[in-house]
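Structure incoming, see below.
Which chain is which? They are A, B, C and D, in the order written, and residues in each are numbered from 1.
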Amino acid sequence: MIEIFNIEFQNPVFIASGVFGFGLKYKNVTRSVGALFTKGITLLPRMGNPPPRIYETPCGIINSVGLENPGVKEFCRSILPRIKKINSRIFVNVAGFTVEEYAQIVEEIGDRVTGFELNISCPNVKEGGVLFGQNPKMAAEIVRVVRKRTRCPIIVKLTANFCDPLKVGRACIDAGADGLSLINTLYGLVFDIKAKKPLITGGLSGPAIRPFALYCVHRLRELKVPVIGIGGIMTGRDAYEFLLAGAKAVAIGTAVLRDPYAPLRIIEELDTLLKGGK
Amino acid sequence: MIEIFNIEFQNPVFIASGVFGFGLKYKNVTRSVGALFTKGITLLPRMGNPPPRIYETPCGIINSVGLENPGVKEFCRSILPRIKKINSRIFVNVAGFTVEEYAQIVEEIGDRVTGFELNISCPNVKEGGVLFGQNPKMAAEIVRVVRKRTRCPIIVKLTANFCDPLKVGRACIDAGADGLSLINTLYGLVFDIKAKKPLITGGLSGPAIRPFALYCVHRLRELKVPVIGIGGIMTGRDAYEFLLAGAKAVAIGTAVLRDPYAPLRIIEELDTLLKGGK
Amino acid sequence: MMWHLVKIINKEWLSRDIFSMEFTLHGLKPAPGQFFQIRINESYDPLLSRPISIADYEKGRLLMIVKIVGRGTEILSKKKTGDEVLIFGPLGKKLKIKNKKSLIIAGGIGVAPLYFLAKSLKKARIDFTFVYGARTPSELVLKDEIKKLSSRAVFITETGSNKAGTALSVLNELNLAEYGAGYACGPRAMLVELKKMNLQFPVYAFCEDFLGCGCGLCLGCAIKYKGSYKRICEDGPVFELKGLEFND
Amino acid sequence: MMWHLVKIINKEWLSRDIFSMEFTLHGLKPAPGQFFQIRINESYDPLLSRPISIADYEKGRLLMIVKIVGRGTEILSKKKTGDEVLIFGPLGKKLKIKNKKSLIIAGGIGVAPLYFLAKSLKKARIDFTFVYGARTPSELVLKDEIKKLSSRAVFITETGSNKAGTALSVLNELNLAEYGAGYACGPRAMLVELKKMNLQFPVYAFCEDFLGCGCGLCLGCAIKYKGSYKRICEDGPVFELKGLEFND
């Protein structure tokens, strides 16, 4: 049992946004994790990007899903009630294309969830996304506007692409955010050597980026706010490193693509480590 | 045969700074590559960092060598003449701790080498290094000062840690640099879970970072200046991707730690690809 | 749906770069089109599992047929009889076969899931023609089995001595009006061509692509079907060819 | 110095987590302390090779003894007789043995390079005592061979029934004045302790640590020796204990 934002979570192993849909499928996994971060939700429904959307790289993957989702209305109507039956600890990953959109999505959902994760770091959309997250002023502005519309905890999901997450993180906290999560995917590119043009441009994730993610999380400890550590966590040992580096909890991303049951294993392994075993 | 800066190189496969010492050991490798980037040279001799200096991570390594080198005087006296007998295409990797130091090192070496690679991106030293490289103004200032002291080609080695290499690169070119090389290592951290403190903080390299490095190189093509692509290149195919992304040549780093003869293999594989084979 | 640690009870090379693996795994009720995600190794490189179709399943014996096309299948090919493999599944929608005279069109390794389909048709006593094209004669695997199984079987290769061509070039010789359903699996280019032929009966295409999770979670396996993106792994892998939009 | 693709002609388990591998590799003239970099697998995870000492070399037969301590050695342990392994070397400086009555001190898997050393001393007709400590009796590998080889051999384990202790605790029972040279390999803590004992004869420490390139290029394997950093792989792996600075 851990406590963040004065809310109790059954354990510090969460599922990162985008890799588990809405948690409706492997229900015993959804049920067992500390919290679920939903796939990114936009104001209007989105089809997402054309394929290829996933490509494997050394110890990692590049994804370019492009925020495929049914939009906030449909999410609230038909999905949210079903998730809540499985696990009540839900953070909705909010992806706006304008400052106002973030606020609208948050307002639409209201206090039906545990909190919000403002996604200002998606590298897979043409507008918004990572461009907001690279700019401390923009990021703070989004937090300020959203803050006025909700009392639920606001976590800001940071990027470390071409910007310092400490600077952006500080700006967000000063603007009223309650916590930070990082890192979102790094930029990544693979070329198609036959066609001689890019095969996929998207976000790099997986164990490949773990040492960099850990560095970023460790860097944020001076802010003394709750941080959710994300990036390449595959085992309880990896999760433990993030906790030692200052994270209050961790979120599992790519590991779930390799094994949908990975969170269950990680919860167990971490528990053993926290109890002093090995 | 390729030409960069009006200088001919026997092939576009170079050896990256720091992974091959001064090329004095596996001489047939040094002899066969297009050019050698030396280990970083400082004004004064440096002992380097205490161990552990290398740690393995998924598909990568973290290093914290800390610029161990004999200093520029000793380099010019006893090492440079010996490298030149093996391969005349030498770029000295220059690591200053002040702007003036860069200039002094370059001046000391004079026109005895093919050119200089200004290392403003080393994450393994307390002052200078990556801090210079994250700041377009500082970076440009270094280039301006060095430019006055040499006519040899100046390549600036960029970092993509918490800054946009396009911005810094543009500033360097405007200040008189002839070309750019990137990326230097990403930040990386591994925790010692028994001691509960960092085991190693340093620079992350290897195939893990390749998709990110390729993205950075591709981003720089709009500058239309010679770029040396670096980051996780293990095969001729990897090298080819960097050339397709806009690099004029590539430099091999971590691959050499896995196999000192890797550059020979990569030269061959790339040659086959460039000739249209597979 | 879960992980199974299964032992290879028989591994065989069917051609220079195609091999089969047989496992014992009781209690499945798989249908054609379904597949497993195979864990390539315990290292994180390659990181993801690879999807391989059920090529046959009978009395607890599970057959897979794999062609080496890249690193994952290369590593897999080194496994020997007696080695253990972790597989996750069965995944994908169960295809409901039509009770109509059927045309099976296999291009290359596309034969793998269609072999299981053919056996299912046979079991349901549905008459079918099996057209199977490959690049060279030696790449035509399971030829004898398919011959025995099918009411009619036509084999063709691109380097064929008397008659050269692809699976699709055979279709012109058939009386297509006879058929009430088609099933196709092969390279994307084959499916694209086949769609253009606009056959008068429904054709079910077995789609193969690079997958992420393989089980409906990541949205990484999009394919455009009737105007929106579907997941190959969960909504497919079999789709009616007419609805597929290839954009090329 | 180059890559050799060698076949395992004999793989054996010496204890629960220690195994030996024997290869045929002609034409070497290795000396104690030298080692090979072993390619763990073709995937990039783990990325680097692992250093393993020459535990014996005679008539083209190369012996290695490996303890499983992490992922690399774990993967290596799955290799079987008949499998091939890529090895790079021999690497490291050739140790020149002293023509003095010698004391060999092995802690745990540190026995591997010292076994080769003992054989070299024997061949040079140099008298020596072999002290070998391990955690449990079953972890004392090559016991019989060492007994046969040595003028005197003392074995001790931490869980020993009549006498419990470490290799170092045995030293008090010896007449140390007899010896003119020492050779030690074992956990870092053992070397640190041994240094504190300040023996009156030179002791040569075989240093083991995580390496990068293994061949002098990357400066990744620093160890402080007489005030400056030396490379374990190229300047060592054997250093005079007195000069080593452990900082702890």
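Annotations
By definition in this document, contacts are C-beta pairs under 8 Å (C-beta built on N, C-alpha and C of every residue); 3 or more make two chains touch, one makes a residue touch a chain.
Quick caveat: nothing in here was measured; it's all calculated off a predicted structure.
Of the two interfaces, B-C and B-D, the higher number of touching C-beta pairs belongs to B-D.
Placing every chain at the mean of its C-alpha atoms, the farthest one from subunit B is found to be C.
Look at where the CA atoms of subunit A average out and do the same for subunit D: the two points lie 47 Å apart.
For this pair, subunit B with subunit D, the centres built from the Cα atoms lie 36 Å apart.
Computed from the mean C-alpha positions, the centre of subunit A lies at a distance of 33 Å from the centre of subunit B. For subunit B, the set of residues that touch two or more other chains comprises 58-60, 206-207.
Across the assembly, subunit D contributes 44-46 as residues in contact with two or more other chains. Taken together, the touching pairs cover every possible pairing of the chains. Against subunit A, the residues of subunit D that register as touching in their complex are 44-45. In the complex of the two chains, the subunit B residues touching subunit A come out as 57-60, 62, 160, 162-165, 186-191, 193, 196-198, 201, 204, 206-212, 214-216, 218, 232, 237, 240-241, 244-245, 273.
Taken in their complex, subunit D has these residues touching subunit B: 2-3, 39, 44-49, 88, 209-213, 215-224, 228-229, 247. Across the complex, subunit D is touched by residues 18-21, 25-26, 39, 47-56, 58-61, 63, 65, 68, 206-207, 234, 254, 256-261 of subunit B. Against subunit D, in their complex, subunit C makes its touches with residues 41-46, 75.
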